[in-house]
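Common to both upcoming complexes is subunit A, partnered first by subunit B, then by subunit C.
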Partner chain A sequence: MQGPLIDTLVRQGVSRRSFMKYCATLASLMALPPAAGRAMAQAMAAARRPSVIWLPFQECTGCTESITRSHSPSLEGMIFDMVSLDYQETLMAAAGHQAEEALEKAIEDNKGQFLLIIDGSVATGLDGAYSCIAGRTNLDLLKHVAPHAAAIVAVGSCAAFGGIPKAKPNPTGAVAVSDIIKDKPIVNVPGCPPIPVVMTGVLAHFLTFGSLPELDRLGRPKAFYGETIHDRCYRRPFYDQGKFAKTFDDEGARKGWCLFELGCKGPVTYNACATVKWNAGTSWPVEGGHGCLGCSEPDFWDGGGFYKALSMPADPLKMAATAAVVGAAAGVAASFANRAKKGGAKAAHETVTLADLEK
Partner chain B sequence: MPLDAIPIVAVHGDAPSAQAGLVPGALSGNAPALLREIAEHLRRLLAGAEPAAIDLRAMPLTPADLDWLRERLGSGEVNATLLADGESTIVETACPGVWWVTHRNDRDVVVAEFIEVTFLPELLKAHPEDVQFGLEHLELLISDLS
Partner chain C sequence: MSASLQKGINALKEVIDAPVASYFSSCVHCGLCAEACLFYVETGDPKYTPIHKLEPLRRVYEQEYTLLGRLAKMVGLSKPVTDDELESWKELVYDSCTMCGRCSMVCPVGNDIVYMVRKLREGMAVSGHAPDGIKGATKRTVEIGGPMGLKWPAVANVIKKAEAATGEAINVDKPGADYLVLLSSMEIVNYPEYLEALVKIFRKAGLTFTLASDAFEATNAGIQIGASDIAKVIVSRIVNSAEKLGVKYVLSPECGHAYMAIRWEGPNLIGRPYKFEVVHVLELLDDLRKKGVLKVKDKFKDPLILHDPCQIVRRGGVLDAPEPLIQSVAENYIPVVDKQKWNWCCGGGGGASAIHTEEAEALRAKAFGIKKRQIEQAGVGTMVTFCANCRIVIEEAFDHYGMNTQLLGLTELLAEHLED
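Moving on to the complex of A and B:
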């Protein structure tokens, strides 16, 4: 059970060559130098399975869905199995008092060593009474477990930034993990849900180097959140040429032009969707024809409308930086485009949708 | 409304490059520099240095650049296919010691591409512990003979 990782993998029928290939690919994905792939393979092969305690707070289990279905049975999934997942309410067999005992035992056995994964925001309203497990508030549980963890990984936009529970008017007083815990290293892996390989990448980094990856100002691993969706978007050349889809089924949309004027939040969203993609590299939202919602950014739900072009913000203070990025000219063009769109949609469709009315 | 009434048109032609500002069909001028880098790695390899690798995905190269590079480097005597979690090809170029490594996943999508400068890529070697398993298997076969 506590042998080197490679032994466990070999028992599961994973060959050493596929493991090395996986490490090389992961290193490339994490923008590490190519030689790091070999170093990773060596370090990870020898690594012991770290204890992981996973606490779900105010969440929808979408993050767990994303990670457990990381194109199973992929190596990512297997490596995820290969950590010693000592407490995870959705996946564990134990229930009731047994489960809570498992949690206490895992904390006791691995004091200061385990990785604490949290998905979901922390309710603080009514002393945290909005979200309880076994009669205990999330707030209380977090304060009990966090001091013993080596590091915390806040999975999903809720744990990282408060997410949808924190959306206005935030009835439960939801906050991010980092609002409560100030004295532990915290890695934010936002997204609604996050990309599975980003999760496993953080785990791999912890296994390989015994440390956490380099983070940006919002606590996100730079390797995956270093560039915007827009920077790496395959539709970017159309943006540069000023070719924009104006409605969801006009000629521009059919030709795959830029979705900026349809409200794409790609230019201000840092995530790896454009390169890593989803569903085992099949596609991603923009390739599917819909603009980016910006789900890995703080307060994405309150951004002022998914179908409003970025340069006509509902919240001028928050989006001020955005306007500077896209430039005034594009801003004027887009605001005209939005006004014209309702008319355009009317002409193109029999019906006007809710989204059209929003503009 | 019948499904085929939905106007979805497949657009063929060059896929737009993921690299901003690069035109897919055109040379960016970055590839020739790589030839010099490879040459330097080869010199160091001959002088006893560790093997080196270049992550082609991390370079600002257009598809045309990659074609240009592949054509210049040519193909050598060894062409190996690794079937592990998808197909990988490990091809020696016309310059011995320079290998073009392409990793695909099990859906045949290229997930990583490297140029390795080494006498023999690590992936091709059998691991001693795997060899041990092989020996045990063979001994089992031999014991079944009697």
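Moving on to the complex of A and C:
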């Protein structure tokens, strides 16, 4: 596909008006000034398509699915038409040596300018032998491609933080992209999977302003990960009133009360689900009646159980058992010591007579 | 540490139990007990705050039974209890505490302060820090038979007079009677009309009673001084005699601390339940009133107020008998604001009335101010009560203040107005 993006979109039945609306929405989502929406539309519509290389590592393809098939045909999916997706194993028609040649060519043609998208964690155990493509380990491939990229976007919790492959006991020695690559700008777009619009928002920003959006301490775009699920949750008023669902089928659950006590991780999870929602704004987990799993936070899988309220200790069994044993032992020891003392006092008791009343 | 102090500390270690531990741990230092104590209210001196009176006991508890207290004692942050300290605490534990239990009732966390005062007295008594007056009373009770040093002939004399006045023979040491009647020394000496009243009332009710020549004294100075071993000896006289005579009931006289001793402390002292029931004379009277046995021929006309003795009403649990009884015999009964369980003590309970030092008597007179105001506010010339000890303390106070108020015993008042 050649020519400006807008032509492609029009060919696919997307009107200019809806494209402008999309850009304005995207700009406001990212907390950019209103003028940015126009700038974004102009830039994207006329964009020379930058080269994008997408490397899948230890992943489940869920992130790719999320972005390309969230709803069909999706603006997000079609936005991908604005980039020259030169290498994407799941989507590309080429296979075998042809595919590998395409990769080398894309690197060679766009040295220092292409955007490197990575989904999946990097296996480091056994020198990375747990995950190989065309006989090369992911680790090797990453070290080969990354130095030539303009920036890296780590899509999904696996690439951003290690994700499920890194969950205990982490047999493959999985790590995040940022653990390997230290000298390139990296944007983390965590989530299992991430919200599609977050992905396209980052791309739009890169295309419009030629830079990456503002990031938080975990490398996440602040525009989407600036607030907790809890703070923007429509069930928040129930939390403030102390109204909680205690089970998934009680009165509170039916009335849509706060799911905190059922283990909702909303209060510690930074993501945009509560505002952007999923499936073209249809719904999102909490609206569906299930607490947030905290999938966009590091090590969410090892957080101590999805149905345990946040106020519970992360590893209650070990801690509680130890505390109980120590406490009980101390209690028993103190009680024996005090009993012995009182027993001693009893034993030392001499029957009080009148003579004792005089000093 | 002197041998007597050693004994005292040992006694405190012995009496500290789970309730004491929880009371000291849960005290929030709110000071509400101060406002409940007549000695604090009348003097305004914070040293009379009830929980403060327990300071030596609290320190022994902390130093012996808590980890922090042990550490503090080890490094010298918490000073050990000394003889001098206990001596200086004598005033707080005996002179200014009548064990009236008002503090226990108001405590918002439910600390039974009077329960702990009773325990602290165990250590005070055995370390030789009890007041001489109570020591003397205890000695006389053990050696002679009663706190005032009365012997059986004095009782026999009262019996003779009552027989003459009522024309009825009074049983002595008679097995199988319904009731064993106990007296307090004060009734024998100061209020002999109590026995006459009982004769009349029992005749009306068709019940029989006996006195026991080896157990006529109901009061127990051993409890007031805080020596359970001695208290056990004293209460055992009554228990043995009552069980030997095979009576169904033992009738406690009006005296409040006697009732507390025989009804509530006794079984704990001897370590088993009685084979008889203890009844306070007011409980019996109220029962007879309900059955319609007690019919009055006329009523007492002058306006009067009632003084509820602490040990019978608040601590003894005879809550509902006094008021209907007084209403049945008095035309102009005026209820006071702090009545029944909220009553203020006369100021001389718990052995305090046996302490005759100048300071103790002055403090007692001062503490009586609250009762004096009650009488003045009600504007009455008569007060009725049902505790021999209260009567003595109140009459002494009337003398002290030169008051013209008349003081009556409830049982006698009833007997006087009974149908013939």
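Note that the second predicted complex is superposed on the first by the 305 of 359 C-alpha atoms of A that agree within 3 Å, B and C clash if a C-alpha of one lies under 4 Å from a C-alpha of the other, contacts with A are read in each partner's own complex, and residues count from 1 in each chain.
Rule of thumb we're sticking to: a contact is a pair of C-beta atoms (placed from the backbone, for glycine too) under 8 Å apart; a residue touches a chain by one contact, two chains touch by 3 or more.
Small disclaimer: the values here were computed from a predicted structure and weren't measured.
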| said: Comparing subunit B against subunit C, which has contacts with more of the residues in subunit A? | reply: B
| message | Touch test for A:A134: subunit B only (first), subunit C only (second), both, or neither? | response | neither
| Which superposed partner A:S15 touches (first subunit B, second subunit C, both, neither) | first
| task | Mind working out whether A:G256 is in touch with subunit B, subunit C, both or neither, as first, second, both or neither? | result | first
| task | Determine, under the contact definition given at the top, whether A:T25 touches first (subunit B), second (subunit C), both, or neither. | result | first
| field | Contacting residues of subunit C [partner subunit A, same complex] | value | 4, 7, 10-11, 13-14, 16, 64-65, 67, 125-130, 135, 138-139, 142-143, 225, 227-230
| field | Touching residues on subunit B, where the partner in the complex is subunit A | value | 7-9, 11, 15-18, 20-21, 23, 50, 52-55, 57-58, 82, 84-85, 88, 103, 105, 107, 109, 111-112, 114, 116, 122-123, 127, 129-130
| request: Using the touch definition up top, name the residues of subunit A that touch subunit C in the complex. | output: 334, 338, 341-342, 344-346, 348-354, 356-359
| field | Residue ranges of subunit A in contact with subunit B within the complex | value | 10, 15-18, 20-22, 24-25, 27-29, 31, 33-35, 37-38, 74-75, 231-238, 240, 249, 254-256, 274-275, 280-282
